[in-house]
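Per-chain residue numbering starts at 1, and chain names A, B and C are given in the order in which the chains are listed.
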Amino acid sequence: MTHGSIGRNMQRKVIAVLAGAVLLSLVRPTPALAQTPADLKVGIDTMWVLLTASLVFFMNLGFALVESGMCRSKNTVNILSKNFIVFAISSLAFYVLGWGLMFGNGNGFVGLEGLFLLGGADGSPATGDAYAGAYKSIAWTGIPLNAKFFFQLVFAGTAATIVSGSVAERIKYSSFIVFSFLLVAFIYPITGHWIWGGGFLASAGFFDFAGSTVVHSVGGWAALAGILILGPRMGKYGNDGKVNAIPPHSYTSAVIGCFVLWLGWFGFNPGSTMAVDGNAISHIFMTTNTAGMMGLLAATALSWMWDGKPSLGMSINGCLAGLVAITAPCAFVTVPVALLIGVMAGCLVVMAVKLLDKLRIDDPVGAVPVHLFNGVFGTLCVGLFAVDKITGTATGNGLFYGGGMTLLFAQLQGIVAVAVYTLAVSMAFWVAVKMVLGLRVSKAEELEGLDVGEHGEVAYIIGTSRVPEREQVAS
Amino acid sequence: MTHGSIGRNMQRKVIAVLAGAVLLSLVRPTPALAQTPADLKVGIDTMWVLLTASLVFFMNLGFALVESGMCRSKNTVNILSKNFIVFAISSLAFYVLGWGLMFGNGNGFVGLEGLFLLGGADGSPATGDAYAGAYKSIAWTGIPLNAKFFFQLVFAGTAATIVSGSVAERIKYSSFIVFSFLLVAFIYPITGHWIWGGGFLASAGFFDFAGSTVVHSVGGWAALAGILILGPRMGKYGNDGKVNAIPPHSYTSAVIGCFVLWLGWFGFNPGSTMAVDGNAISHIFMTTNTAGMMGLLAATALSWMWDGKPSLGMSINGCLAGLVAITAPCAFVTVPVALLIGVMAGCLVVMAVKLLDKLRIDDPVGAVPVHLFNGVFGTLCVGLFAVDKITGTATGNGLFYGGGMTLLFAQLQGIVAVAVYTLAVSMAFWVAVKMVLGLRVSKAEELEGLDVGEHGEVAYIIGTSRVPEREQVAS
Amino acid sequence: MTHGSIGRNMQRKVIAVLAGAVLLSLVRPTPALAQTPADLKVGIDTMWVLLTASLVFFMNLGFALVESGMCRSKNTVNILSKNFIVFAISSLAFYVLGWGLMFGNGNGFVGLEGLFLLGGADGSPATGDAYAGAYKSIAWTGIPLNAKFFFQLVFAGTAATIVSGSVAERIKYSSFIVFSFLLVAFIYPITGHWIWGGGFLASAGFFDFAGSTVVHSVGGWAALAGILILGPRMGKYGNDGKVNAIPPHSYTSAVIGCFVLWLGWFGFNPGSTMAVDGNAISHIFMTTNTAGMMGLLAATALSWMWDGKPSLGMSINGCLAGLVAITAPCAFVTVPVALLIGVMAGCLVVMAVKLLDKLRIDDPVGAVPVHLFNGVFGTLCVGLFAVDKITGTATGNGLFYGGGMTLLFAQLQGIVAVAVYTLAVSMAFWVAVKMVLGLRVSKAEELEGLDVGEHGEVAYIIGTSRVPEREQVAS
């Protein structure tokens, strides 16, 4: 089926095809609309977006397990509960308000049409110039409105779940729920509008393909604000300057979580095409996997060198760091550059973890090193390494590809704008929640564990079973 | 590519297109069949059905983990074994008999053609009026017979696995295996034939899009019959009327299970289109997720109000309840109605759990509250809230949309018919199995745990490892 | 849309269609390339390959959990680390060298073009006779080069992860990493070239649809070489000839792993079409599931008969054995034959486990019985049971379908060639690694566990939580 093969088979085929085409029209009346290529394309694109959205949805499990596995067993019910309910809260908040603020027609700062209950009139899949609905900024993809919403919802949910990890083991369940609602209703969609909703950063030539900034650093800044207000867990930092490691209660949970997240990223990044473009999605699979695996290798190697032994926790964070960093540039850089980005991300996360401990900022799962540091780093990488139109998008070239400072400057501008807004508003919301509900559980509850205190339940009751005869343990 | 954009570009494009169409025919002879839109559509639909079926298959893991997590560690090997082997048993039973009874051409009560070993002649993907195979009732989807079978198989397997949860921690492994075979060979396919196999309920205008009745309440009735005969677990109900809670042995397992089920529902409901209809599958994703997340929120809130603290177990059951309830109406109701259904389902499941304990009916994982109560409720919701042709199907309107009692009455009729048949035949099979093999393990085995008694194995051998220097635990 | 329905509707439709076709051309100019059926097909095939590749990628989690679950808790961090990093190592090794050696144009023994860093010029999706890139042997599928690479990469990663299970609980982390790199860079791609890269076995008429030999027995031979050199775990075989069972530390992990693998096989086998052929992928789903579930049932039954109780461990290995055995013939045999293959595989694995213990070859997770014995068996089944062109491929008929010894002999030839090469080169690599780095941890470390020795971490710290009032345990 190539152009080249035509020459050889031309003569005998031309007649057959012409005759066949007429005959096919006759014997396959295919009454339904779904038979024209254009209609098939809508179906295919919708399938792609919904299936990749399902993988991203599944990342909620990944975050739940990385966070709970990395923390202590006495807080496991609480951590699982937070990560379970946060997607429900995000669904509600994005449905009633967030979606409209983010994608509704409006000005450069915020969407103003179609705000409540996904309320805008919308003629999807009518797209392009003729589009006349409330969500012009996402009219570039010709899939039904519900599919657009669901795909964007799972991204919003990711931002909220990032916060969960940083504030773990000390935050009140109710306060976390309220903040999550505020984040998805008022913080995430505003900066999202600037970048993906046709706002001022989009106009300024800022590029973030799948959300290193829109999702990961927004989550990271909100998390950082939270832990600055909450303070460290009891016993984490001694008065003598000593840093006490609080080891994971279950590496099995953490590794399941990390694999689920890695899988989810194959939805996160390639799915952000929101349409089936064979070349683009194949390219993005490769850049995504390459950065993730090199992040894993680099962080493992660095932790091996510095600490004498390779820490599994660092391997996990390195992998996630590589995946976060490649999220913005995955469609804009070559595969060898993705390899380089992965190496740098893996090193960066190890150093950032050590830096936070030096600053006595307690982030139980390393959410800030992974999502904030590498979200910012990945966003910068677009400005450094982009190759114009490598998968179709006209980004212009990055600094190292002869593009000068233009793209890099636009990226810096976006990083700063998002940082300022997200930090400031998150801080305000955290303070407000603290004043109204209180943020932190009592010392007694923190010592006993939030499972009993917040939920009246415990995570594990594993009896010391008698090992039966047939299965006697070898020494 | 919109109608509206035509005006502007019309003149220059018409000629180009007409010329291009002819040229394309010449330069792309594409000899294989797979190049016509109609053939592409078969491929796309098959891909959709098989990938969503894979997600539903994965729900077996979800059920295994929710059930084992919610029960005691001493019965974990047994519970995992049941949930593992039950899909194999279902595969065999549905292959040798169930499929033919359900979808074979026959009368209003049972399929009579193509019964054994998937044996009917079948000309799929020839569909519609011209279809001449043994399975006319499922000729509406133009995918290969093997794909139809596999998709329906994973649904049959779900019904069987629902039973497992209710009879947990006391049933003999062998007896459970035999009942599962009977269920999938003789119970599930008969009522399934009435509804999805062109039987009398289908003719009566009963609608169940993805199986609130066909799958969930059938499993629920069979489970109820089982626990009525088996009786409660030792120690669950005191002589003084006291109800002893038997807490989960691993909330980590239960939450992994619930996320896997939630993910699986994105196959269960949208996949039931059995063809790629962009609008329909997007709509169903939204109704499904909306009901699930509102069920989660409502059950959490209610348990918080009633018991003082939010139970993670109730959050899980609320989420599943919402998903079960939306299964029948997912393609027939609006998204705001799905939100309402989720709220009601979440409340219903909390009340149903308390009701069963009051009736001293011991259902270790709440399978009856989740699958039976909400399967019935969701089926009723079609009669209450359906909007005619909202995704294409001509259901007529429900009571609250001006449709009067017609649809609601048809739904009630189906609920009653399925209840009577399933309860009666399940009861008969349970009694027969009890007489031949016995149903319940000995008291000594129940006390020690079924892991050792039935399998000679234990689930966990987790040593008290020395915590190494570098990872000293903070207080 | 059937041929048969034409007669009835012919007259009224012919005119409508002819008119409609012209009108559609006018109102749907669909300017982009992606609107022709041929372009849609590239997109659909790419989506299929990438999504099934994602399922195969996820099998890394499955292997991690089956292996760690089946071993002792003191080695869990190490086992999880091995299975996590091995995919990163494979990604690197296959990227820099393996892919080119396997699929690059070359001679019958090895690929010689496009070796380094996926370096060959490639004109995908130009395929067929006109293809002029560096990877002619995989030009039969018209998807982008990156998608071809990623799909083949996840298969290479599977071979490496198989080895991990056999050498568990005693191998040095560094030595395993180095061997994995060598395996994916130099062993797997060479035999892969012979079979899938257009090499001498492909020319000889050897068939292995999805890798019973290419992936599973290659992994199995490399594993066997490793454990012959490493020797058994301390305490496994007593001096008195006694075999000490070393039971699983977590059946929950093992069962999650097995379900993830079963799911992954729905990517592994049907995805190996590397294009959407509705009939073929439906058929392969059915043969795959049928063999897996019958392997599960047969192994459970056999273990029940021999040992008095059904072992969950044997159920898991039986399921995996059926899946491995059907991998080569999944596209070449009927569904009833798949059922038979499953039964035989399930029995074979139980016997092979007992055989290895008799030979005092210590394989902690049964990787050799599962992947090597059944990889060889499945490859033979092609020669015994193939039905020519059952899903399109012209294999010729197997022995029991009147094809005589031709196909069987070709299969035997491939099995022997792969065995000799893989065993010899693996052995050489294992010895080299042993001489340079050492293979086995010290006795003291093996006793204490590799988690502390290799990683300075422990897998679990699960406190004995106080059970709160509300959740008092019933006796």
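In this section, a contact is a pair of C-beta atoms (placed from the backbone, for glycine too) under 8 Å apart; a residue touches a chain by one contact, two chains touch by 3 or more.
Predicted model, so just to flag it, every value in this text is computed and none were measured.
Do the two copies chain B and chain C share over half of their interface residue numbers, or under half; same or different?
Chain B and chain C contact each other through largely non-matching residue numbers.
I need the rotation angle between the copies chain A and chain C from a CA superposition, between 0 and 180°, in steps of 5.
In short, 120 degrees.
Taking each chain's centre as its mean C-alpha position, how far apart are chain B and chain C in Å?
Spacing between the chain centres: roughly 29 Å.
Residues of chain C that contact two or more other chains, please.
Those would be 1, 3, 6, 28, 30, 35-38, 40, 44, 47, 51, 247, 250, 256, 307, 309, 456-462, 467, 470-471, 473.
Considering the complex alone, what residue numbers of chain B touch chain A?
1-5, 8, 25-32, 35-38, 40-41, 44, 47-48, 51, 55, 72-74, 247-252, 255-256, 258-260, 262-263, 266, 270, 275-279, 281-283, 285-286, 289-290, 292-294, 296-297, 300, 307-313, 315-316, 319, 335-336, 448-449, 451-452, 456-462, 467, 470-475
Which of the residues in chain C end up touching chain A in this complex?
On the chain C side, the touching residues are 1, 3, 6, 9, 13-14, 16-18, 21, 24, 28, 30, 34-38, 40, 42-47, 50-51, 53-54, 57-58, 60-61, 64-65, 68, 76-77, 80-81, 83-85, 87-89, 91-92, 95, 117-118, 125-132, 142-147, 149-150, 153, 173, 233-236, 244-247, 250, 253, 256, 307, 309, 447, 454-463, 465-471, 473.
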